[in-house]
Amino acid sequence: MPTVLVVYHSETGNTARMAELVAEGAREAGADVVLKSVEETSADELTQYAGIIAGSPTYYGLMSAPLKELFDRSVKFHGQLAGKMGGAFTSSGNIGGGNETTILSILQAMLIHGMVIQGTSEGDHYGAVALARPDARAEAQARALGARVAELAAKLA
Amino acid sequence: MPTVLVVYHSETGNTARMAELVAEGAREAGADVVLKSVEETSADELTQYAGIIAGSPTYYGLMSAPLKELFDRSVKFHGQLAGKMGGAFTSSGNIGGGNETTILSILQAMLIHGMVIQGTSEGDHYGAVALARPDARAEAQARALGARVAELAAKLA
Amino acid sequence: MPTVLVVYHSETGNTARMAELVAEGAREAGADVVLKSVEETSADELTQYAGIIAGSPTYYGLMSAPLKELFDRSVKFHGQLAGKMGGAFTSSGNIGGGNETTILSILQAMLIHGMVIQGTSEGDHYGAVALARPDARAEAQARALGARVAELAAKLA
Amino acid sequence: MPTVLVVYHSETGNTARMAELVAEGAREAGADVVLKSVEETSADELTQYAGIIAGSPTYYGLMSAPLKELFDRSVKFHGQLAGKMGGAFTSSGNIGGGNETTILSILQAMLIHGMVIQGTSEGDHYGAVALARPDARAEAQARALGARVAELAAKLA
């Protein structure tokens, strides 16, 4: 049973809510899940998880500075995250407001760590997106993301 | 009065409808507008416009092959589009479905030509997005895109 | 033993040479490899491979129109490529010339198919890049890409 | 004579050196230039410049957290940077190492502010890239970037 970290930055609570849904999806798919805000998470612990799913509000089309700082600090373990599963989610003000590029910013950082990511052929292809407070659509996307990462992490373990 | 080309690829009519709205916005802002499908447009004519606004359906998160082919053919005028205004729009099946990356794919090709692009601080930041048939929201975004490009093209002329 | 398709578009021979190197890397890692130009490849066959590695010259910062057309046609099997391994490579005129965004354009299309991709913590993080004719550096990157995809495809099989 | 801010984050001095070169290019093209590290720059002052050129080391394929924090803080002036010129540069460890995506991360943030950006048809299309210590190639790209932004800022003023 792989352990998956769901780490998020949230100011308004929308991304935190998405994180809970992602965590539920991963747990239902059989993963052991650690759910933490970025403030509670240190780069030192990243190496101990089989999968990392990171969430950020859409701030200027990219992950927020606090989440980016966690990735910047992770450089001291560069190479040690290779082969782990990754995933990303965001909450955003509006359609076309930078939500896809925010998710891609997280996925790019994960690829540079040598991590493994998977898209989905249905729904939010790159990762789960909420427009403001997660609605039923966003909830389903968030749970599916958690399940996807948990299942692939189990396969790769 | 600058001449702006609005060129689009459309299979279902949604991107074609967006193109009409973009063209209207550009005309209302004072531009002379040429509205053409990608099938009617040759790379040879691209050098004669002060601005080019290109639209594509969201196909695998990127502009469609027919529109890409127009850009690939434009290589024989490489350098001659530098300083012209550019802009992009798309129609997409759903939120998080690749619409932002489709628009960015067009903008990237334009930047490589040395073209000038402008985002917007309100609404669809990178370019106008319709989810399926353009609704009132998408119509406003499309018109605003046309106006934005026309105004800046006039300033740069 | 998974079968991996290495499919490429090449005009000058540089991307074709990268494709051979990627194919060698995949074979050495134990995969059964099919190496084909985009002209020889039909969308119909994509479902039969455990992994697909696609290469394109850097044309306006994106995969070329012929390779994009293959992805556009693959829509009729949408959903059937989910869970397969993907990877990407390019050859490019110069540094900062659009090579990373070309690779990302391929990876984005693969994510939208629900495919699995992996970066690397060393070298060309997103996928293998040649500047013009592949030199020793690019050769190593191309072989490593082939091996990476083959190994993960075997694990996921 | 427009005033252009060149703001950078640098740990090793490479991005700082690029910033000096960008600043020289902008000055030679007639701009009044303010050159500052990100630590010396407050979001409050961003509204007073006609152009902003931002540089970051390539950290996980994106601008570094300190530069991102400046953009995140700029949200309180959201809308007030619309129409200003923008540009971006980076220094990076290697080819394919995330330099293009770092530049695009900065440009995306600028587009979301409604800023105007221009690519170049020659050299580093999206913005100037140094591989480690700027060499003659990178120097020329950096100067050209400064000049490009200064000239367009003058035209738009």
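The chains carry the letters A, B, C and D, assigned in the order they are written, with residues numbered from 1 in each.
By definition in this document, a contact is a pair of C-beta atoms (placed from the backbone, for glycine too) under 8 Å apart; a residue touches a chain by one contact, two chains touch by 3 or more.
Here the structure is a predicted model, which is why all the values come from computation and not from measurement.
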Key: Shared interface numbering between subunit C and subunit A [over half = same, under half = different]   = same
Key: Chain whose average C-alpha position is farthest from subunit D's own   = C
Note = Note: subunit C sits from subunit A at a C-alpha centroid distance in Å of 25
Query = subunit C to subunit D: how many Å between their CA centres?
reply = 32
Note = For the pair subunit A and subunit D, the C-alpha centroid-to-centroid distance in angstrom is 29
Query = So which bits of subunit B are touching at least two other chains?
reply = 61, 97-98, 101, 104, 108, 111-113, 125-126
Message = Testing understanding: with touching defined as stated, what is the shape of the graph linking the protein chains, line, ring, star, complete or other?
response = complete
Request  = Could you please specify the touching residues of subunit A with respect to subunit B in the complex?
outcome  = 61, 94-101, 103-104, 123-129, 131, 137, 141
Request  = Would you pull the subunit A residues touching subunit C in the complex into a rising list?
outcome  = 78-79, 81-83, 104, 107-108, 110-122, 125-126, 152, 155-156
Task = Give every residue of subunit C touching subunit B within the complex, in rising order.
result = 59-66, 68-69, 71-72, 74-75, 97-98, 101, 105, 108-109, 111-113
